[in-house]
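Take a look at the structures listed below.
In the two assemblies presented below, subunit A is common to both, partnered first by subunit B and then by subunit C.
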Partner chain A sequence: MIFPEGAAARTDTTDVAGRVYDVVIVGAGISGAIIADRLSREGRSVLLLEAAPADDLTISGYETYLNRFYGTAMKDNQAPYPVLPPVPMPRSTDARPLPPGGGPNTGGYLVQDGPHSTDTTYTRVLGGTTLHWEAKILRMLPEDFELSRRYGQGLPWPLGYDELEPLYREAEREIGVSADIEDQRYLGLHYPPDYVYPMRGLPASFLDQTVAKGIDGTSIRVGDDEEIPIRVRPFPQGRNGIPNPAYDAGRGFTPVGAVSTHQVEEGGRCQGNNNCVPICPVQAKYHAGKTLARTLHRDVDLLAQAVAYKVHTDPENGRVTRIEYRRYQDPQSTAYETGFAQGRTYVLATNAIENARLMLASGLQDRADLIGRNLMDHAYLLTWARLPEVAGTMRGTNCTSGITDLRGGRFRRDRASFSIDIHNDGWGWATGAPVTDLLRIVDQDHQYGFGLRRSLVDQVSTQLLLAHMIEVLPDRDNRVTVDPRYRDELGNMRPVISFKVPDYTMRGAAFARDLSRQLFGKLGAEDHTGYDPAEYGYVEFGGDGYRILGGNHLAGTHVMGTSPATSVVDDHQRSWEHENLYLVGGGSMPTIGTANTTLTSTALCLRTAKHLIQELRRQDRPVTLATIGAR
Partner chain B sequence: MTPHTLLAERRLPAEIDTMAELEAYLNAALRLEHATIPPYLTALYSLHPGANSDARHLIRVVAVEEMLHLTLVANVMNAVGLRVDLTADDFVPRYPAHLPSGEIDFLVSVQPFSQAAVTTFLNIERPAKAPNESSRLLPRPDLGAGTVLAASPIDPSRRFYSIGEFYEEIDRGLRHLDHLYRAEGRELFTGDVARQVTAEYFYSGGGEIVVVHDLASALKALELITEQGEGLGGGIYDGEGELSHYYRFQQLQLGHYYQQGDVPGRPSGPPLDVDFTAVYPVAIDAALADYPAGSPVREAAQRFNGTYGDFLAHLTAAYDGEPRKLLEAVPWMFRLRDDIEHLIRNPFPGRPGVHASPVFTRAPEERS
Partner chain C sequence: MILDDFVAFSSEVTGFTEFDLIGTGQAESYLRTVTEVVGERTLADLLDAYRARVTDTGDEQARAGQLTGAVLGDDRLGPIARNIIKLWYSGTWFALPDDWTGRFGAPGREGTFNASPQAYTQGLLWYAIGANPPGARAPGYGSWASPPLIPALPPSPVPQSVRTGS
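Here is the complex of A and B:
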């Protein structure tokens, strides 16, 4: 994919001040990129305001991310990306246990008010969190949209699976999804009869096959009235695989590889590297830069290093009049100048936390007091064990398969559903493997040379880590707020997070912990799971201790619904109170089920783009004025 | 298209007149395509990590496409019922080796990335059409050491003006044989389609693989090979809109990328940086015998040499009825890369300032 040379720097504050765009979009991640793409395709003028610096996307620029990642000891989600004073971002390394009833942790970008301390993150670079995401890309289940009606849980959706289904397909094309359709028909997930994914499913790892051999066909007793058979199932992936010739009625699919200002041939297919998170070395994994590169060939202005500071509205009618931004010249300095961007319509596409933060910092809490509330993120519970035989752990991409049968069922009346990932990267997430194994083998076992290498390989390649991605429901008290005492170096108020893991989720976690004991037993694996009360994320529930980690699947801070009394935006993600403002992304989702949020969020953004195209056309139509006194 | 129109297209004399002669040519084509891969891989992996990103990507793409060409030749061979074998003792040339050129003969070496290497790459990929029909095949002077590639397999005393002319000969031969077979009521393309490598088995984002089942698809496969090398009809891009190998390499000399609309020699795209000093100075055309017996570097060189032989055997199986095996070429390439890097990051024993280098040529039996 060719990035138009100079596009990242062709717009300056003077250009922006002199234009009224059809659409001003805040945030150049996947949501902003896709809406910009669809609108510009219709000839609409678009401004993208991006907080992070943005050079033209080139293969060598991407490699500076890669080299930073290779060269750093701490391989967290943000390891490849620059830490810059004007655009701070949350890091898992900033999370700390909070003292019971004690003050907030203000050490990281997120001010954590507790009681739960989360290590959730998002990435503030051009292309956003899709740079570091894992690209596992599931649809929500039809029953996820009916949780409230069927089981009396969560907030109601104004849309159903059938309305989103064509948009899911469009999102799967845009992102480039690899999966075999026959693996993805379960728990009511349905597709048009001739549908196949753009690319064939990526191969299951040897570890997946080992686990499948041990547990496929096992029936799990859930509650008193439910028995659920489970099996290992491949996940759809936003990574390039073998194009399916049957896609699109036999027209096939051409994968989108690496982005650069000159022709490069890389990333057309996944190579099986083991660091999808935090960065794919070859860009076989989708990132929003692929959409941005195409979009910037059109009438789209990208103004980088412009951090939205305030949304200004007309107090008479609530309409947004302009976005005030702070633009820094030097990424290492916090000196800035103020600018204003004007459009006919405005889209906030930052993410659930930043959208809410910007609205609240602008003094725009809605009358129902919902902005920032109902903050959701998947709760991750990790369990880990040692398999009796070498299973090839550390080979293959981060995660290729899992157990998805407990995503749905009647048990959701009482406790959270979850999806289980089989992690090909061993115990890394839980224990810091393989580095911690290396240190132990050297320091405690006094091994060196070939013996050291052998021990390390033997110990790492039997590691099995299950990550249970547990549903979290909306809760009014889980929220993002702002506080003038806490600002970043550019003067923006930082997000203050108050979060408690709901009991509904913890009942799911307790069940997941118990289930993993059963599964390890089936596999003859030795359970090594343990949760340290001194670490952040520790939760006591029902007399047992657990550690709940963040999922980076932020949602719920401006939920959609059918009425301004119960929701912030309508089913097109249009603000009820500001008719030319759209708050888009995960924040609009009333529930998140057990699907990583990006696909659903993208489908919603495609819906918003279609609506905006109609809306702008409607506004452009000549108005017939009624003649006064006409009979 | 009827046999008559194909006949009408065959205006030019072909040297290839029998299936055995076609086989000789296609086997030579396999050797030719393969012979460029060791020099490209060695130059590629001689680059210091973290430096020369532009050069790295340019060379890598060309190396991958040479493997595509190898696969396309294999598809043509399978389509006419010929067997593919990359395991013969002399399949890998002994470097330095000769490739054809119009003006001067030049040698291809396994060597580090350098100005000289780029010049060689340009020579290999140079667009070159013989000035007239009679100069397509030239008398071959005695070149001494080294393997002569793209010589006429039928008359070793003659060589082709260029790789393009060599493929032109196969093109003519296929048309001619197809015509002959038809005239006798026989079918030239009798190969089992299940032996063809299809797009899903070749590591690539696009659908560049040509499945060969008749004359038209065979000619298309050959055309793709020459276009990717030297461009379409004298232009800098091939029929798929991809920059041809010659012009890709030329960017390294001219310091700018080409973009659509450019004319040869005047790339107007973004600048590119080349640092000829950020390179491991690997030994040029090393042979196994050059490494001191018993040294760890000798062991590593022997191990790589064996692995490379196994890789060629694996490819042979993929081209000989098991196309699915080509999917494993990706992990194979990682293994080869790791083995090559073990060598090039170590000094050459007894040669100050020189690093060890991979040996691709099959080792002769050890002398005691």
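Here is the complex of A and C:
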């Protein structure tokens, strides 16, 4: 994919000040990029305000990310990306346990007010968190949209699976999804009869196959009245595989590879780097730069190093009048100049935490006091064990398969559903394997030479880690707020996070812990799971201790609904109180189910783009009625 | 030559042949890294101890005893030797323990750091288990579906140059 040379630097504050765009979008991640793409394709003028620095996307630029990752000893999920004073970002290494009843942890970018602390992150670079995401890309289940009606849990959705289904397909094309359709028909997921994914599914890892041999066909008793058979199932992946010639009624699919200002042949197919998070070295994994590159060939201005500071509105009618931003010249300095961007419509596409933060920092809490509330993120419970045989752990993409049969069921009346990932990178997430294994074997077991090599195979190639991605329901008290005492170096108020893992989720976690004991038993695997009360994320529930980690699947701070009394945006993600403002992304989701949020968020953004196209056309129609006046 | 001694010693403690180690392209960089942290004198002491006490020992068990006694179990040299193993395996130099720096002096470079970006991509840790360092040296699409190809151990734990006396 060719990135138009000079596009990242062709717009300056003077250009922006001199224009009224059809759409001003805050945030050049996947949501902003896709809306910019669809609107510009219709000839609409678009401004993208991006907080991070943006050079033209080039292979050599991308390789500075990669080299930063190679060169650092601390390989956390933000390791490749620059730490810059004007655009701080959350980092798992900043998470700390909170003292009971003690003050907030203000040490990281996120101010953590508790009672539970989270290590959730997002990446503030051009392309956003799709640079570091894993790109496992599931649809939500039909029943996920009906959780409230069917099981009396969560908030109601104003739309359902059938309305999103064509948009899911469109998102799967945009992202480039690899999956075999026959693996993805379960729990009511349905597709048009001739649908296939753009690319064939990625082969299951040898580790997946080992687990499948041991557990496929096992029936799990859930509660008193439910028996659920389980099997290992491949996940759809937002990374390039082998194109399916049957796609698009036989027209096939051309994978989009690496982005650069010149033609490069790289990234057309996953190579098994086992490093989807934090960076795919060849760009076989989708990132929003692929969409941006296409978009910037059109009438789209990208103003980088411009951090949105305030959304200004007309007090009379609530309409947004301009976005005030702070633009820094030097990424190492926090000196800035103030600028303003004007459009006919505005889209906030920063993510659930930053969208709420910006609205609240602008003094724009809605009358129902919902902005920032109902913050959701998947709760991850890890369990890990050692298999009796070498299973070739540490190879493949980060995760090729898992167990998805417990994503749905009647048990959701009183306990959270979850999806289980089989992690091809072993115990890494839980223990820091395999480097921590190396340190233990060398420093404590005093092994060297052949003994060391044999121990590594015995202790690493046999690792199995199950990551349970557990549903978290909306809760008013789980929220993002702002506080003038806590600002970043550019003067922006930082997000203050109050979060408690709901009991509904913990009941799911307790069940997941028990289930993994059963599964490890079937596999003859030695359970090594342990949760340290001294670590962040430790949660006591029903007399047992668990460690709940964040999923970086942020949702729910500006939920959509059918009325301004119960929601912030409508089913087009349009703000009820500011008619030319759209709050888009995961924040609009009233529940998150057990699908990683990006595909649903992208489908919602495609819906918003279609709506905006119609809305702008409607506004452009010659005024023939005198009553139109105020518009 | 100190580089040859360094590679011979590294071969013995890592369980990889000198050919494997030189093949990573990192030997000189690692020698510089170790020298920068602990100084030429200390590294020379380590390699001398290895050369004098271990290289001529033929019997495998006696050899292990000598290696432990003279180098790995030595209060001053042991932590450095273990750090050299970890450096070859991960590309990272791990900070020496506090009690080491308390007894033997401040290192020439503090803390934990990677020898270079390339060092990580040549880490033996992943090679030893038939995998690739995440993000580098990709094995190719679909390779993960097959059982791992775990490289065989060399025919002898004694480095080639020590065996042939070169």
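Note that the second predicted complex is superposed on the first by the 623 of 631 C-alpha atoms of A that agree within 3 Å, B and C clash if a C-alpha of one lies under 4 Å from a C-alpha of the other, contacts with A are read in each partner's own complex, and residues count from 1 in each chain.
Heads up, the rule we're going with is that a residue touches a chain if its C-beta (ideal position, glycine included) is under 8 Å from a C-beta of that chain, and two chains touch if they have at least 3 such contacts.
From a predicted model like this one, the values you see are computed outputs, not experimental measurements.
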With both complexes superposed on chain A, which partner does A:23 reach: first (subunit B), second (subunit C), both or neither? neither
Tell me which of subunit B and subunit C touches more residues of subunit A. C
Could you say whether A:456 touches subunit B, subunit C, both of them, or neither, answering first, second, both or neither? second
Pick one for A:5: touches subunit B only (first), subunit C only (second), both, or neither. first
Of the two partner chains, subunit B (first) and subunit C (second), which one does A:269 touch, if any: first, second, both, or neither? both
Given the touch rule stated above, what does A:403 touch, subunit B (first), subunit C (second), both, or neither? neither
Check the residue A:67 against both partner chains and state whether it touches subunit B (first), subunit C (second), both, or neither. both
Which superposed partner A:439 touches (first subunit B, second subunit C, both, neither): second
Applying the document's definition of touch, where does A:448 land relative to subunit B and subunit C: first, second, both, or neither? second
One more residue to check, A:230. First (subunit B), second (subunit C), both or neither? neither
Residues on subunit A in contact with subunit B in one complex and with subunit C in the other? 67, 242, 269, 271-272
Mind pulling up the subunit C residues that touch subunit A in the complex? 12-16, 67-68, 72, 81-82, 85-86, 89-90, 92, 94, 112-114, 116-118, 120-121, 125-126, 128-132, 134-136, 138-148, 150, 153, 157
Taking the touch rule as given, give the residues of subunit B at its contact with subunit A in the complex, in rising order. 50, 53-54, 57, 60-61, 64, 199-200, 203-207, 242-243, 257-259, 269-270, 272, 330-331, 334
Can you name the residues of subunit A that touch subunit C in the complex? 66-73, 75, 202-206, 209, 241-242, 269-275, 279, 281-282, 390, 392-397, 400, 424-425, 434-435, 438-439, 442-443, 446, 448-454, 456-457, 460-461
Touch list for subunit A against partner subunit B, complex: 5, 56, 58-60, 63, 67, 200, 240, 242-243, 245, 252, 254-257, 261-269, 271-272
